[in-house]
Amino acid sequence: MSYAFFPGCMIQLRLPYMEQAARKLLDLLDIEVLEMPGATCCGDPISFQSLGRDPWLAVAARNLSIAEEMGKDVLTLCSGCYETLKTANVKLKEEKPLRDYVNGVLSKLGREFKGTVEVKNLLEALEDAGEDKIEDGVVRPLKGLRVATHIGCHLVRPSDILGFDDPIRPVVFDRFVDLAGAESVPYVQKMLCCGAGLRMVEAKKSARLVEMKLEHVSEADADCIAVLCPFCMIQYDVTQRTVKRSDGGDFRIPVLYYPELLCLAMGVQPEELGLEHHRTSVESVLKKLP
Amino acid sequence: MKEMPEELDELIQEKVLFCYQCGACVGSCPTARAVPEYNPRRIIEKLVMGGWKDVLSGSSIWLCTLCHTCLEVCPQGVGLSRIIIELRNLAARNGVAPSEFLRSARQMASTGWTATVSSSVLRRRKQLGLPDVETTGVEEVRKTLELTGLADILEDKEG
Amino acid sequence: MVKMASEEPRIGVYICHCGLNIAATVDCKRVAEEAAKLPNVAVAKDNRYTCADPGQELIKSDIKEHNLNRVVVASCSPRMHETTFRRCVESAGLNPFLFEMANIRELCSWCHPHQPEAATEKAVDLVKMAVAKARNLKPLEVIKVPVTPSALVIGGGVAGIHSALDLADMGFKVYLVERNPSIGGVMAQLDKTFPTLDCSICILGPKMVDVAQHPNIEILSYSEVKRVEGYIGNFTVTVAKKPRYVVEDKCNGCGECVEVCPVEAPNEFDEGLGLRKAIYVPFPQAIPLKYTIDRESCIDCRRCIEACEEQGRDAIDFDMKEEEVQLEVGTIVVASGYDLYDPINVKAYGYGVYDNVFTAIELERMVNAAGPTGGHVLRFTDRREPESVAFITCVGSRDEKTNIWCSGFCCMYTLKNAILLREHHPDMRIYITFMDMRAPFKGYEEFYRRAREQGIIFLRGRPTEIYEEPKTGNLLISMENPSTGTPMDLKVEMVVLANAAVPSAGAEDLARVLTITRNKSGFFMEAHPKLRPIDSATDGVFFSGSSQGPKDIPYSVAQGSAAASRAARIMTKDEWEIEPIVAFVDAERCRNTRVKCGICVSKCPYGAITAEEGEPAFVNTAKCHGCGTCVADCPANAISQNNFTDVQILAQIDAALEEKPEEKIIGFLCNWCSYGAADLAGISRFKYPPEIRVIRVMCAGRVDRDFVLEAFRKGAGMVMVSGCRFGDCHYISGNENAEKRIKPLFNMLPRFGISPERLRLEWFSAAEAGFYVNLVKEMKETLDKLGVERIREENEKARPFLDRMLGDTGG
Amino acid sequence: MTWTPRRRGEIVKRDEDDLTVLERKLLVRWYELTLDRSVCIGCGICSDNCPKEAIEYTPAKFDGIRAVSRPRIDFDPERCVLCGECVSICPMDALSMRIENEKRVPVIEANVFARVTRKRW
């Protein structure tokens, strides 16, 4: 299997260790990823979509046209990119007037949106690769590790467009965490948004959402939080320190990107993953490893 | 804006008027949890009561995280988060948009990325053995923004 | 019949002034003069009130004096006085179906008061059309079918029980079919009833015993209706009796078998909270009190056989098989009830995952002293009485993602359950969340006040979601705090969901078996929502209780008795009369004798037509409702509909378009909705352009494509085909068939050179007079925009095509 | 934990190290049927005698004369009715049943045995 690879600018330019883990994992599962020449920011579902839906779709469609030229489905890492590209893909395939408008714009760039590829998120790609294959690859099950999953809003909502997992009580991510031998634990306000969308205008108040989340996670005696999206990663890993500084409590809850967890379970050495770049130390998780 | 924009009128007729005012959108709204003054139900209520000018010029619509939980739980299919997007689009077209949103968009127009490029990260990528981040698409993105009218919105604010 | 048809028509025409209602606008004298000139018209008169005695006497004496054999009255809507005049001509010795009406009041004078000349012209046309139809009328005989004086009641809940008891008391034999091992329905599971707090089983139990002991009632429990054949007065019903592995006649309900049975299974009657054995009765008051073996749980140890033998009985039979019985009944009462919506689908509230989230019916079983907990309300996780309980209403109700309807009784039973909890637990914190509190009937609002008096806390709003605290099993309800407008997480020890009432699982099959319709929600559809709320679309089949829509107990009981009286209305007669406007097949013309056709069979919404291979199609007149869909769709023109034949309708079209056709709009309106809307427009005195000439059919399904083409061939400016909105068709699916048939014309017409906008296909209800008026206005605008010249040109161009296509559509 | 809703009274199977547990929790009564795999020798008698055919038996796999896997039994929670027949006949005491946390076996208490016995050979 091979995909047109779309890590997204947040991962590429802010959190390269996430890209590192993802590439390692995809490699272990024989999923080939191809670079997309000329790809830019997906379009950004928050700031860009808010300023103009049509420009947002056009930028997304431009990125999709690159994958179409490659003849490959798009694999996104960031949930924001997933929402943007998938929304554009679904909407433009469905609504002809919109597609005509966007193609009017793209034609000036010598491009066209044809609607010939699909957009997938990382979990979908893993599902396609086969859960058996992952199960077989898990040589060091993360037994006893209590994981609080945070799926991230843009992976499952709006569900009428994304159609991936249940928008209110999703199951796929938890299943994958269990697959790594760890235990996904229930906790209160599990679906609460990380608050990245609020960060831009109200950073302090957005940190309050991080604090609430961390309170619930620690209440559930979880060893770590697992995320899939770089925005959630920044909120929980980086902002956790802000929360600490502003006397909101000292949680010290490690935040891991799911590919990092799965790589560890598949026998990758911690050093290979750049785990030291996490702002909140992940030592306590590494110590728990069998 | 003296007259209600047509798109907004349509939105109110087709979606907003169905609101039961049940507050399901409030219950799990992350912003409402962090910002007590923010109440998504009241945005809808204001639109119903004719307060669209306040809504469009106010700051509340820019606080939504677009987590789309309200969209999923609304019993009447009002689709609050989508309405927020439409309202933001309308406000932006009329020159009301927070500078942070504009800055992020300008960043994109100039570099092709919303995230800022820092040399330290580029160095780290090298250390990790990751491929270079190439930026050959910038020109096309800039043109796209011009053709779709977004460039005007960004400029207005600068001027 | 033959004699009358061969006679040369001699028509009497009567133009009614209706006081000034018509005469103020229409020049009635002139209309009468014009009518007198028409061929076959023997006499034409105008008078002040034709429907009054002198008017009717005049008609009667004219029939004798002038030897009339057809009568046309131009006055009000046929929906108003058709029956009156039919009776009038009948009393003068004329067949009542040799009468025709022209509606010059609702469709003419009332709508065009400012255009008296155009209105008069229109009235002349309407009379001309009626005369043209009258010329082709045939005498018809009312059809009579025998009636079997016995009834089938499907469903043994409180509604079905009351239907059965009432019918049995009236002396009719009643078969009561119940799917479960016992009758009683949901009401048997309830603890108390609102708003009086009577003990539910204490008031239902005696009624159940009455059913068991009534000499006229035969209970078929643990049984299901498989097939229904026949028609009003004469249904043959096949019922499958599931094997209960206990011979009913031999079992005396002693219960010794239960004592020895080793296997326990969750008790459905207790909603899986408690237990029963593999051999069981669902509850002690069960009727019939006969045991049933659940073979899914049974381990075949056969100790029950021994125990039964020890009692000197031999009631248990492990070899029992499903058995079919046939019943002959005259009427059927459907009381199949409702189901509760599966709350597992409302994931946000966590039912099925969070153990302390219960449904209301589970709570009913818990608070019931005979229930699994002996009347104690207990949390699942620690079997402790909760200190706080929140009731959530509208779970799977009033929500477009699940069910949009209001289930009606949940507000009330939630109040009841809250009050019951409060009575037992004065210190418990009790919350009720609600979107709107609905307590509209007698004593209900007072009951709501009572709950408020007792300190129950009402929170307006819809909870977004619920989370369980993993360590305590307590529940956090996320919702808007009504006092502050901010989100809150209300912590309670137990949650009770009021889940929606939905159509019962068997409703779909039952609808098919009985050829009855369901509305969009899936509940059975009544023949008319206001005036025939108990009747189904199939004659002789009636609704009782929640199968037709969620109902509480008093309402179900009332409807149960109503259904009994509707059914008795038929069964008190030896014979039942059926309107003769049915379809009939010309065996000579039917293709089915030569090739396999059966199109009519597939189009008939009532399953009234059969077409055996090699045989001509046959219409069962007792089942036919007279929509005419089969007539319009027959490729060989072999089917005709009494009183709405092709010849009659084509004659109306031709008459309407004799003069200045390109300035006219021909409208085909269905009797029930669109004609009703046109009548209503008149009654409401809405004004609209007088160009429209209306042809009434029973259903849009009757409108043949040829009718539209014939109208254009004869030069019509515009044509409208209209009927009921989808889902509202009085003949189930006639309008859908009409759409399939008429829609292709929009592509076909341009090929002949006719602008497609000259045809309109629209659906509206009898209440939408405004819709009709706007439609006519729009069509007039289109007519003006195109202009007479253009229309004439188009028609000229199309005529050769149309001539070739229509050939001899003589019917 | 993934989101898996259950019906009231539904029997749930879970594995804990060497134990396989069938559990039915009702508001009024809790049942537990436990198989201790460290004790079970895989004779399959339970499977042969289960009246509901709720125990699946997988014989040992051989590579020549060398056994590569042990014989194994497993429960089908959808068929089991928790009668305790298997417990009553297990020669190794690898199966045990608890009702309300008390050691109890319904078929022994009622002194009944299922009529159906299938032979594997």
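Order of writing sets the labels: A, B, C and D. Residues in every chain begin at 1.
Going forward, contacts are C-beta pairs under 8 Å (C-beta built on N, C-alpha and C of every residue); 3 or more make two chains touch, one makes a residue touch a chain.
Not measured: the values here are computed from a predicted model.
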Checklist entry - What pair of chains is linked by the most C-beta contacts? => result A-B
Next on the checklist: So, comparing C-alpha centroids, which chain is the farthest one from subunit A?
Outcome noted: C
Item to check | Inter-centroid spacing, subunit D versus subunit B (mean Cα positions, whole Å) | outcome: 57
Checklist outcome for this item: subunit C to subunit D, mean C-alpha position gap in Å, rounds to 52
Checklist entry - Between subunit A and subunit B, what is the gap in Å from one C-alpha centre to the other? => result 20
Item to check | Touching two or more other chains - residues of subunit D | outcome: 3-4
Checklist entry - Among the residues of subunit C, which ones contact at least 2 other chains? => result 347-348, 465, 478
Checklist entry - Which residues does subunit B have that touch at least 2 chains other than itself? => result 28, 33, 69, 73
Item to check | Chain pairs in mutual contact under the definition given at the outset | outcome: A-B, A-C, A-D, B-C, C-D
Checklist entry - So in the complex, which bits of subunit D are touching subunit A? => result 1-4
Checklist outcome for this item: The answer for subunit C against subunit A in the complex is residues 347-348, 350, 465, 467-471, 476, 478, 489
Checklist entry - Of all residues in subunit D, which touch subunit C in the complex? => result 3-9, 24-29, 51-52, 81-85, 106-107, 109-110, 112-116
Checklist entry - Where on subunit B is subunit C touching in the complex? => result 20, 22-29, 32-33, 36, 39, 41-42, 69, 73, 75-77
Item to check | Contact set on subunit A toward subunit C in their complex | outcome: 166, 168-169, 185-191, 219-220
